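In the two assemblies presented below, chain A is common to both, partnered first by chain B and then by chain C.
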Partner chain A sequence: MKRLLIMAFTLIMAVSVIFGGCDRKGEESKDAPEVTDEQNTGTSAVTEEKPPADPFGKYSPSVKVKWAKQANPATDFPEGDSYENSVWTRSLLEDMGIELELDWQVVDKQYETKMNLAIASNQLPDIMSLTDYTQFNRLAGADRIVDLTELYEDYASPLLKQYLMEDGGLSKSWATIGGKLMGLPRNGVNFQTTRKIFIRRDWFEESGMDKPETMEDVFDIARAFKNKDPERRYGLTLAKKILDDGLCDMRGVCNAVGAYPRAWIEDSSGNLVYGSVQPEMKKAIGIYADLHEEGLIDPEFAVKEAAQVAKQLTSGQIGISIGSFFLPGWPLSALYKSEGIEWDIYPLLPMSDYKGELKLLTNTPKGDMHVVRKGFKHPEVLLKIMNYEILKVSDPDNAEQEKFQSDENYNYAVTAPLYPIYGPLNKNFKTNVSVTKAIDNNDTSYIVTPQEKVQHGRVKAYFDAVNSGQTPKPNEWKAYKLFYGPDSSFGIQNYYFDNDMYITSKLVGFETPEMSRKKLTLETLEDTAVVAMITGSKPLDYFDEYVQEWRDLGGELIEYEVNEWWNSKK
Partner chain B sequence: MKNNIQDKIFDIFNYAFLISLALLCVLPFIHILAISFSSGPAATAGKVTLWPVEFNTNSYIYAFSKPEFIRAFFNSVKRVLLGVTVNMALLSITAYPLSKPVGTFFGRTFFSWFFVVTMLVSGGLIPTYLVVNWTGIRDTIWSLILPTAVNAFHLTILLNFYRQIPRELEESAFLDGAGQWTILFRLYIPLSIPALATLTIFNTVAHWNEWFHGIIYLDSMKKYPLQSYLRNVIIDVSFDTIDVNMMDILAEVTSRTFRAAQVVIATVPIICIYPFLQRYFVKGMTLGSLKG
Partner chain C sequence: MNLSRIKKTNWSYYIMLLPAFLLVLVYHYGPIGGLALAFQKYNFAESIFNQEWVGLENFRYIFGYPGFTRALWNTLFIAIMKLTAHFIVPITVSILLNEVRKVYLKRYIQTLIYLPHFMSWVIISSIFIDILSPSEGIVNKFLGLAGIEPVYFLGEPKVFPFTVVATDIWKEFGFRTIVYFAALSSIDPNLYEAAEIDGAKRMKKIRHITIPGIMPIIVLLGTLSLGRILNAGFEQIFNMYNPLVYSTGDILDTLTYRIGIVNNEYDIATAIGLFRSIVSLLLVSTSYYMASKLANYRIF
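This part shows the complex of A and B:
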């Protein structure tokens, strides 16, 4: 009996080892013909007469293109439409002869898993977006995606080239591996995610306090809010993703003392250092530890999701949030809709004893890419689709925003095959300037781009409603809070921009070997250590111990690797 | 015995403990139920706890008018009917030979381990996906059914249940001229109703609640079963890549009442099945597992 068991086990293990080996072999041999296939088409393209590159040329007969979509769960379609059959797929077929065939679609967070499975089973769609820089790096290294260097020169429309280079070639440099352009970057630097201070107006007026000038003033206001009414439970928002949650993290206060958590920043000697383990960080944690002791932040913050904290804002439990630009859109517009509550937005303020320059940390771009599968016969399709999307959404002369961007009921831009659609890098910033000028001078000649038209219309409707004594719609209020005047979300962004107050992690979308191994461990260590020090379960002096632990667990090696890369780049 | 004061104290604590445990399970559901019958603004503002505020049924009307939801619902029904049938058919005929003594069925131990091994180690996500892919069932409903067709744990339960059916019954049937198939269908299966009912519940619940396979094996959301579909509706949105377009959508996502209504509708069928099969349930579990 026992012997039989052992035999059965050994047999099964042997079989699984054999099959395991087969898997890999099978994959390799499957890869091989594909490469030769590509070489064939490559050489034939050279020997044949090369047709002149036309960025907007229509294919005749039409070309079938398989693609994959990272779907958004909340997307609403007009009757009968879907990702397979949308205004984009129909127009691309009609105008460009591109027949999009949706290979698969999956919702946001499962996309990476599904893409990994597609890679492992060698079933890549013809064009796809990669949401993970490591995937991109690996596919480029394994020669499974197309080198776009020449195609980009030939097929990218002037606007595409202009928009892509607006950040000085930064995002393009992430897409370039070994001197070859292997993809189109999906997002550039997201300047608008820097923090601002949102204060509830009715409570502020009631408190009779002066406008804040330092971070301490903000805390005083929070204190006054809380002491006024027991219904108001806390002073400030904070959620469990304490270092990088756009709604309610501690990044604003960190920046106010010169700390830049989760970012690689150049120090005075020109080396890159990791923001979360710098001495400034200890100060920021100390501030929050004091706030926690005083009861100004929710003691249960470490288990609160952003959505729950949003509820604390909308249900009148908290009156101050130091968050990202989108707060007026969500969740504050819900409160405006139900109770007409107004909010004031202030630029981030420094702590009174902070001597350095106030700099605001942007989100670290993830390095997402649009790429083309190697072996696909018409790799230029990727560029043509992007050209077309830009033409229809961002081109000042040709855009049809109502049809392709959004109308009153539906948002079409998010259903585009390559999303997000490129536009001027700081189009929201510029929209703020032109909308403000147009409203102040009552002169629509400032309104040029498609987005400006839409937002200007809403802001104007807002003022019309206010002037005639009616309540503006939430949508109009939102546009007003985002785009009108220097005190709007983007007005403040412009203030940051004009005063050169941005700082971005120098390390984008790139992972050193040790980082891919240890990143998760180290970030968990960071989170738990910071939470422990804020809640007081560890004293603030634990910080030094935590930094040492971070270094020992691989941080030191990562720092070395990062600087090696940084110096080689210089 | 009842007069014993210690027993009474124990009972009080025991009941208090059990009631609080039951409340822990039931309250979240009542909360969702209350939200689903409340008005949108009240729900967003967090005013709803256990009783609906501004009672209305709008979100249910909306849910039933949404074709995606209805389609996903029927996909799930189809999956459960098909999946449970396949599960139960394969389980009952697989457990039968394995319940025989080694002398009757040569290699029984090997085949038992063949199944038991899957309880101890699994192939992992990618190899399983490759198998599903190569067998050509990806993106069909069979990809949700065949990979989980025989559950080794369920097999063990049924096998042990079969084993404790007296051998004399089988022998006398054999003497009366019954073949193996007749013995299985006329003797074993009717005698194992408690175990089979229990396993039916297990499998129904498993098929109804499973969402991950739908997401990885199916390519089109039209084919999604209800839980995969709900998963998409309910998950939170990441703020990392948010832009002005996405923000428009975020405002719509917060229709909490609608999401709650969908969760309630998804839970109701499973709740309805329990009372019918429950009387077999306890019996089946203990008989199958303890007497083996």
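This part shows the complex of A and C:
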């Protein structure tokens, strides 16, 4: 017994040491800010002697800046590099005298949580990128971040100002509180997240069907795919995050009947209404309920993450997905690489009985914002870093594309301290136009921006390989699918854009009191109700009951508050 | 004088105890001060020493919070099932294993059954999502051979709590047998020999020697486990639930997580946490009192 007890004790000790160890990093970083502040005080005298603001001025001696990074798990680094030591950190130190010190990094989704904890425990890095308006409004309201109004005028490079103002000052207005610019926002609305239809070409040709003209045609094609191998295949993709998953959600079909889930849209009387509780939504749910009953969607969709659905696409279980622009990059390029499977991209189609205008819902701008901690001695560093990043990535004259944006093997841009980097608004759309023209006319004078150069090179390599009977590389195929011609991802975006087919939530960057308390409960209710109706565990008529419940739980009050705000803005 | 004698003879043991003691102090006693948040309206711009006091407002809020009652019942239902099963299964298994004659077989089984304990729920849940799938999962394939319709273990609200309990038992029962083994090996072998001479068969020996022998441990662990009555296992459910089963799978921990970590309402989340602790404290005290009254057993 003694031995067993000792063993158990040792185990417990071992386990507690392991867990204890996890916190060490956190403790170390607690002491760190003081050190930096001391050093900053040392150098601050130097900056005060230097009155004229220079957007690209080099600090001497160098300035230490603590930052935090939302790490992308898919990012590969060249041998020996990391977020702490990358082409960006080395060049910024050498060219600008800015010494970046990584305070912490966490993977994708956990970034928001970690940032919330950093805010709550008052351990902010010197410069940071926020991911939502709640954080931004709280920090600004608590006077914890620096007012950038004057610094922006003095230090922003002409190119930065030009790019930021390309949307007519819309995104700048989202970052302005009480007349003060409190952060550098991501510019413009992210149009490219609107949905398109991706259909697997070999199965489509095998089925001998005509090109789809309505959403029903797409479902017919899905049916044909399924019937080829009913045991193994499904018709369409769908995942756990039914309303907001760029790979495979129901947003496309919702838009096809005029429903705009999770968005505040103006109704005919000029009031804002919540898209998820409108009658059109019932139609969209009904369509999916029928598809589910017929067996065209995976009955287990409610437990599947996007990554698992991606596997269904690459393993030949599903041949149609209604998703965002990025599908050729992930996961379809993997299938192209392994089996050479081609996909066709179609613009979203309306249901045949839908009489309204077809509009595509963009993602609601979430509040990506670069800010500076109040109390940091060199707040202009934020603007200088962004100036530098723009210079190296987006400036047609100075960009060192292969070194800072991406080369064959690595994507350097995502490792930049401030990301995304500003560039021309909707640059991907323009790239589509110029690459297509350059290839069709065999004339490189259309190619101007750094991005165009890279993508043009890849698309050209794609055609060279095809013409000489070789297999193009996956990243060449990806560039071709994203950028070449009207049937590419961005070709279709341009089609949407030219025909004014976009719609965006009217409620951006603002949260009513009732909303911040109830949003979560209401969204949980939404998910539960929609999934229940699709899987048939609740009849479709439950929709009206769900809408009533939504109103009773606070939806009605939120609607009132939102419209009060909306009318005061008009 | 007494004290100094203890110090002289036992100081090495106190030093060995120190790290554990410090850990408890820092991670268990330290945060108690934070409970003040449950009675405050948390404003993150202010320091934690300078918050507005609101009395029981947060508690009123959570009892009216949509989904709270549901989460409370789900928690009780799942936790009570888990407590019962975790009580019965390890005892049964360790008594049965104790009867296995071949020592090497016993050892192998022991090692095998407590291995799953060391795997994280993140991994185990994705394995279970695969093997419990109604269309491709191996479990439903077997049910199909027996002519039973496929069961959607993780998607059917009525079945979900039982799936949760069963998978949790599978993961943990082996590890929990360790303590019982320790107790079993402390039973004096002379008792068994004496019983044999008196003509006792296996069942008799189990009933009259083995079970009474480990009874103190059974009472001790049973009593202590009652404190976990409102703990249905966050890590497991968080990784296994989905919108289909919110109605029976959403527990206090997942609700607290969504309110506290996702929505940053630390005051509300603290209030729920404190509520749980108070209920647990009451239950532990009651059961301890009962144990000392009925079984004449005292821990302290």
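Definition applied: the second predicted complex is superposed on the first by the 513 of 570 C-alpha atoms of A that agree within 3 Å, B and C clash if a C-alpha of one lies under 4 Å from a C-alpha of the other, contacts with A are read in each partner's own complex, and residues count from 1 in each chain.
Methods note: a contact is a pair of C-beta atoms (placed from the backbone, for glycine too) under 8 Å apart; a residue touches a chain by one contact, two chains touch by 3 or more.
Everything numeric in this text was worked out from a predicted model, so none of it was measured.
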Touched partner set for A:Leu159, first chain B, second chain C, both or neither: neither
Partner chain in contact with A:Leu383 - chain B first, chain C second, else both or neither: neither
Chain B versus chain C as contact partner of A:Asn187, first or second or both or neither: first
Partner chain(s) touched by A:Trp104 [first = chain B, second = chain C, both, neither]: first
Which superposed partner A:Val218 touches (first chain B, second chain C, both, neither): neither
Partner chain(s) touched by A:Ile447 [first = chain B, second = chain C, both, neither]: neither
Touched partner set for A:Leu520, first chain B, second chain C, both or neither: second
Touched partner set for A:Thr113, first chain B, second chain C, both or neither: both
Winner by number of chain A residues touched, once chain B and chain C are compared: B
Set of chain A residues, in rising order, touched by both chain B and chain C: 1, 4-5, 8, 20, 113, 116, 120
For the chain C and chain A complex, residues of the former touching the latter: 19-20, 23, 44-45, 47, 65-67, 129, 133-135, 152, 154-155, 157, 178-179, 181-183, 185-186, 242-244, 246-247, 258-259, 261-266
Complex contact set, residues of chain B against chain A: 41, 44-47, 109-110, 113-114, 117, 125-127, 129-130, 133, 139, 215-216, 219-222, 231-233, 235-254
Complex contact set, residues of chain A against chain B: 1, 4-5, 8-9, 12, 19-20, 23, 71-76, 82, 84, 102-110, 113-114, 116-117, 120-121, 123, 187, 190, 192-193, 244-247, 305-307, 311-312, 314-316, 324, 326, 329-331, 333-335, 337-338, 363, 366, 368, 405-406, 411, 413-414, 420, 428, 451, 474, 478, 482
Contacting residues of chain A [partner chain C, same complex]: 1, 4-5, 8, 13, 16, 20, 113, 116, 119-120, 122, 134, 138, 141-144, 240, 242, 298-300, 302-303, 516-517, 519-521, 524-525, 527-528, 530-532, 535, 537, 553
